[in-house]
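What follows is a set of structures for review.
You will see two complexes here that share subunit A, one where it goes with subunit B and one where it goes with subunit C.
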Partner chain A sequence: MKKLVLASLLLALSSSVTFADTIKVGVVGPFSGPAALQGKNFQAGINAWLAVNGNTIGDDTIEIVYRDLPAPDPAQSAALTQELIVSEGVQYLAGYYYTPDAMAAAPILEEGNVPMVVFNAATSAIVNASPYVVRTSFTTWQTSTPMAAVARQRGIDKVITVVSDYGPGVDSEAAFVAGFTGAGGEIVESVRMPMNTNDFSPMMQRIKDSGAEAVFAFLPAGPATLGFVQAYVENGLKDAGVTLLAPGDLTQEPDLAALGDNALGLLTTFHYAVSHDSPENSAFVEAASKAIGSASELSFPAVGAYDGMYVISKMIEATGGNQDAAAAVEAVKGLSWVSPRGPVSINPENRHLTQNIYLREVALEDGQYINKEIQTFENQGDPGWKAP
Partner chain B sequence: MQTILSIAADALAYGMVLFIISIGLSVTMGLMKVVNLAHGAFAMIGGYIASYATQQMGLPFGVAILAAVLGTMLIAVPLERFLYRRIYGAPELTQVLMTIGITFAIIGIANFVMGPTLKTIALPAQLQGPVDLGFRTIAAHKLFAVAVGIIVAGALWFIIERTPFGVRLRASVDDAAMAGALGVKTKIVYAVSFALAVGLAALGGVVGAQLLPIEPYYALHYMVTFLVVVSVGGAGSIAGALVAALLLGAVQTTGRYLMPEYGEFFFYLAVIAIVCVFPNGLMGRSK
Partner chain C sequence: MSDISLTSTKPVWQRTAMRDLIAVLILAAVAALGYLLFPSNLALLTRIIAVMLLVLSLDLVTGYSGVATLGHATVFGAGAYAAGIFAAKFGVTDPLLMLAIGALAGAIAGALSSLIILRGHGLSQLVLSIAVVSLAHEAANKLSAWTGGSDGLSGIAPAPLLGLFRFDLFGRTAFIMAVVLLIAVFVVLRIIVRSPFGMLCRGIKQDPIRVRAMGAPVYFTLVKMYAIAGAVAGLGGALSAIATKVVGLDSLSFTMSAEALVMLVLGGTGKLYGAMIGTLVFVWFEDRVSAINPFHWLTIVGVLLVIVVLFAPKGLTGAAETLWTRLRRQS
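Showing the complex of A and B:
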């Protein structure tokens, strides 16, 4: 262990005095396993950025080193991160799909003199784990909070919350409940569902029995969303006028084709829709679709990765290719640019993105189901973040 | 009262789906004495074929079910000939290692060929809408699953208990050498019953796809549930599997309605209780 630390320090020192030709960026993500689609989106975002901007910054060439972490596994994440720093000699770390993985890797950053750009993991507290963490995705608090305002604007007084029983689900529930009760609404019941629930009919019965006018739901993007939305329609809740409100994880683009007509009209709040109408997004979608192979597999982690690469390029520019994590992170604090998702900036206080959150409605356009943006909440910070 | 009826309807539908998928496994484990952990993978293949047939080729649902069952059997025949035949009568650990390996291979291939996204099976209009039961509405495809479950249970009982093939199958299971000496072609009997079990898996994958959506990790996600149904029911017993599936479906559905935060607690509590009282399963034959 001591030798490893020593080696990493030596490496850090040597690379800050010598001129670096190739700057390695280590990317940790789920490239196989159940969440492989999201890992593929990381890759698509990175490759899209490289295709548009080239892989050189000044005299330096960027090289990406991938490490596969199929399921949330903090110990393995720390091991892979250390291996990237020590034996691959990466100057930047990026990726991290799940919160526990990012948390486990964060303590190594200062020792290794390496900044970490989180492409996805969405728990507010990650940025507090190390001053070298910068995040280009979103937090569940950030995407869930505006939904409370949406519900009140639509004249909804009573809501039941139904969330998957794990960290982000609990965050989402807390964010919505805080926003909704703060705006004078009433939460009639809060239910937490086990992660592996597959038959949602009993849940729908319970929602019906609660007498709520709307249900706020959080489920992680993936297979369970299909059963949930289907049960919502089949048990007559949609027809009965019980509105379904959710953060955009429920209707990520690759799942929309499977959700089909059942999802039409669903309201979700999120930071990015593949259908976002802007020249920046058109260019991004074109490049990322080419990178991933088929436009239908494109989802939100790709834009996190794309913007993450932009941030890393700015860090390399600012440090002239030298390994100096503190200077690199300092350089991007307050950085603002136009992302494919809209205008964004890095909050210097918590190194997290301030960005627009959009209210979207699932619609059918040109034979394709899309998340159509219908309302914008501008410059949203992270309401879930508390200074350490 | 309405709520109770409502939960009962959901429980029946969920239990029947469990039964249809698990009964094939019960046949392989109970009659052929093979711990086939790749059973879920075959259900998944069936689901993929039906999804491809309805979504990409636009075939009607009935044809898609047939294609799924026959297609999966076709894929299973060479597997039986070259892989499974080696593990008949082998120690359970060998069987588990072989079949879990097959499962991982199928997951990888499914991921590569069909992609990591969810696949759905297009239902005909008659099965899509809700049906009014008087006290509530229920999705038509759930009633369809219940009907299929009843037909499968009846047909299987008839085949195993009342046909010459069933006699040969039971004879081969009890004493393969003696059955062979009496002129039963045991290899063919095994191959046919393996194909039958795989076909049932595929049928279950298609009929259950509305509750257990088709994606590459299907093969692993639900394997524990299927194994539990078989061991609680007693391997090889059709009635046992039916009772176990309905009972466990009822426990899980009720638990999900009343106390969702307890998760699978009641499900496994019921399993432990039943296995304590009936170590061979509800209707399993003692060894």
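Showing the complex of A and C:
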């Protein structure tokens, strides 16, 4: 009898220790509107991770709660984040495509005892906004800086920079100019174009007149990119041998088919190409293509989300499913693993990914346009980050 | 009939004061209900009040004074950025002071933009108003050293309200401050729209030529009204900056201006409560639908707007009033 009581007591104790729980992860992203494709990629990355690894960690089940934020809107982001924490009771926050939205969510993390894993927003300063921010994407500085080295290696001395006049464009310009002049190159002119520019012919004339050997460009992915590359080819700059250099935002995979032959040979630096050759990536691409419905829609936010889910799973493991944001973030500092994009690790100092940045060339393989990786810059940190 | 003759024996100010008191009580009751029923949605409710101030302000210039504008977010954004910049760059973190700065900046922005917008009439006025908001948006984007550009202005850390009440995670302090602010603004606006000045504005809306023939200044009256409306929207902007702690370019956007107009039309123009009901219904509905279906909610909102505009062209309050008078006639 005594044994039985003891056994049942033990059972009761142990069951309270391994109390099975549902752990909610709140995901904020653009799931409708013009950037819906990027939100769809968030979802594909999450679903791919769940499909490969299952939705349970120990005894805990992961549940995803989606909230839509179609355009940068910090007030709405703050309201959604607060509602996710207070009313949905999420233990983890994730997603955030635009910088202002991530910035608006950061101030309430500490009080809510919730870590935030940024799947995309790419301004260096976001990680300084709260000690509970971890980022699994990239920064514009990180992807743009290696391009300066590429330009110098190819013997280019004079470059004109042309960027869209908004935060990421300005970041990209600053990163390239710092790297290029640091390596002894000369910037002949820096032009910032208004965001809604659609006619790029005058710009191409200006590039021609500047006498630069190459043009470094940054535009947000979408219609503007298509117009820019088309104008570059039609105005004869490509034939004249003016090299077009850009971070990979310009040639994200879903845009490649529309860019077509105009984009062939275009050089971009970025952290992820869907065509990356590794067993991890083929498993990821298979699962994510199934999740998104069509492989041609797959793009870089999916890999940010996939790795973000990995980081969250490690956080849940480390805290045993208890809500302890400080311990969760502490546990993933210095974490390193092989992502579909290559080997990565979380810099304990700024909670941002150290990763390879690849030089890619747009190429036609098996009837499909791809970003073919031709050079690797290993273990790149974020050159744009300044300690607070 | 008897009760009408009874009330009409009282002086006018007493009757209107009585009505104002009832309106304030209803407002306070609705706010208290919101606080009790939705304790975890206070951030949303605070956001709704901030937008309400913008829509109220739009109602002053469009509904009461007949100025067509699709650029009214200019004054909202001016208040938000002014309060935000003073807090983030100069350490002015007292929330009441931030509100005052927002109101002042809104009033200045209102008066200045009205100088441009009032130059046109009808369609050209609409185009000018869009130009004004686009200019303001681009200026905020360009001056990124001050405004943070498209990354948003962050680093706003409001001090506790009155030195006692911290702005907490649940948003209680921000909500209560917002409700008190809304009620105060509402009472002041009731007095303004009833005043001879408010009547003059309505007169201008109906027939500006006649008002001018009577010897009243049309242009200057509208500039004054614009400044008052600017202060109201500026308060909304400052409230948003305090509650969100980040100011983004969206607060100066054409989209925001257009949405404010949609909310006003939804509620009913030319009525203060119309502006408030329109905002409450629109933002609340949007939030619920987008939570239920984050992927296709915009379609649902669009369809419902079409239905409202087709079947209730005077807005929700206009439809309710029509229904009310019809019911009374029947009984």
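Definition applied: the second predicted complex is superposed on the first by the 368 of 388 C-alpha atoms of A that agree within 3 Å, B and C clash if a C-alpha of one lies under 4 Å from a C-alpha of the other, contacts with A are read in each partner's own complex, and residues count from 1 in each chain.
Heads up, the rule we're going with is that contacts are C-beta pairs under 8 Å (C-beta built on N, C-alpha and C of every residue); 3 or more make two chains touch, one makes a residue touch a chain.
Every value quoted in this text rests on a predicted model; they were computed, and no experiment measured them.
*Asks:* Fit or clash for subunit B plus subunit C once both are placed on subunit A?
*Replies:* In the arrangement built by aligning on subunit A, the partners subunit C and subunit B fit side by side.
*Asks:* Just checking: does A:108 make contact with subunit B only, subunit C only, both, or neither of them? Give me first, second, both or neither.
*Replies:* After superposition on chain A, A:108 lies in contact with subunit C alone.
*Asks:* On the A-aligned overlay, A:87 touches which partner chain: subunit B = first, subunit C = second, or both, or neither?
*Replies:* Touch status of A:87: second partner only.
*Asks:* Give one of first, second, both or neither to describe whether A:66 is in contact with subunit B, with subunit C, with both, or with none.
*Replies:* Second partner only.
*Asks:* Mind working out whether A:78 is in touch with subunit B, subunit C, both or neither, as first, second, both or neither?
*Replies:* second
*Asks:* On the A-aligned overlay, A:198 touches which partner chain: subunit B = first, subunit C = second, or both, or neither?
*Replies:* In the superposition, A:198 touches subunit B alone.
*Asks:* Going by the contact rule set out at the top, does A:166 touch subunit B (first), subunit C (second), both, or neither?
*Replies:* The answer is second: A:166 touches subunit C but not subunit B.
*Asks:* For A:351 in the superposed arrangement: first (subunit B), second (subunit C), both or neither?
*Replies:* Neither subunit B nor subunit C is touched by A:351.
*Asks:* Let me test your reading of the model: by the given contact rule, A:31 touches which partner, first (subunit B), second (subunit C), both or neither?
*Replies:* In the superposition, A:31 contacts subunit C only.
*Asks:* Quick one: smallest Cα-Cα gap between subunit B and subunit C in the superposed arrangement, Å?
*Replies:* Scanning every C-alpha pair, the shortest subunit B to subunit C distance is 6 Å.
*Asks:* Can you give me the overlap between the subunit B contact set and the subunit C contact set on subunit A?
*Replies:* 33, 36, 165, 194
*Asks:* Show which residues of subunit A lie in contact with subunit C when the two form their complex.
*Replies:* Residues 31-33, 36, 66-68, 70-76, 78-79, 82-83, 85-87, 99-100, 103-104, 106-108, 111-112, 123, 125, 129, 165-168, 170, 194-195.
*Asks:* In their complex, what parts of subunit C are in touch with subunit A?
*Replies:* 40-44, 46-47, 50, 138, 141-142, 144, 148-152, 154, 157, 168-171, 240, 243-251, 255, 287, 290-291, 294-298
*Asks:* Taking the touch rule as given, give the residues of subunit A at its contact with subunit B in the complex, in rising order.
*Replies:* Going through subunit A, the ones touching subunit B are 33-34, 36-37, 40, 165, 191-194, 196-199, 201-203, 205-206, 209, 222-223, 226-227, 230, 234-236, 254-255, 257-258, 260, 294, 296-297.
*Asks:* Spell out the part of subunit B that touches subunit A in their complex, as residue ranges.
*Replies:* Residues 3, 6-7, 10, 13-14, 111, 115-120, 130, 137-139, 210-213, 215-217, 221-222, 252-254, 256-257, 260-261, 263-264 of subunit B touch subunit A in their complex.
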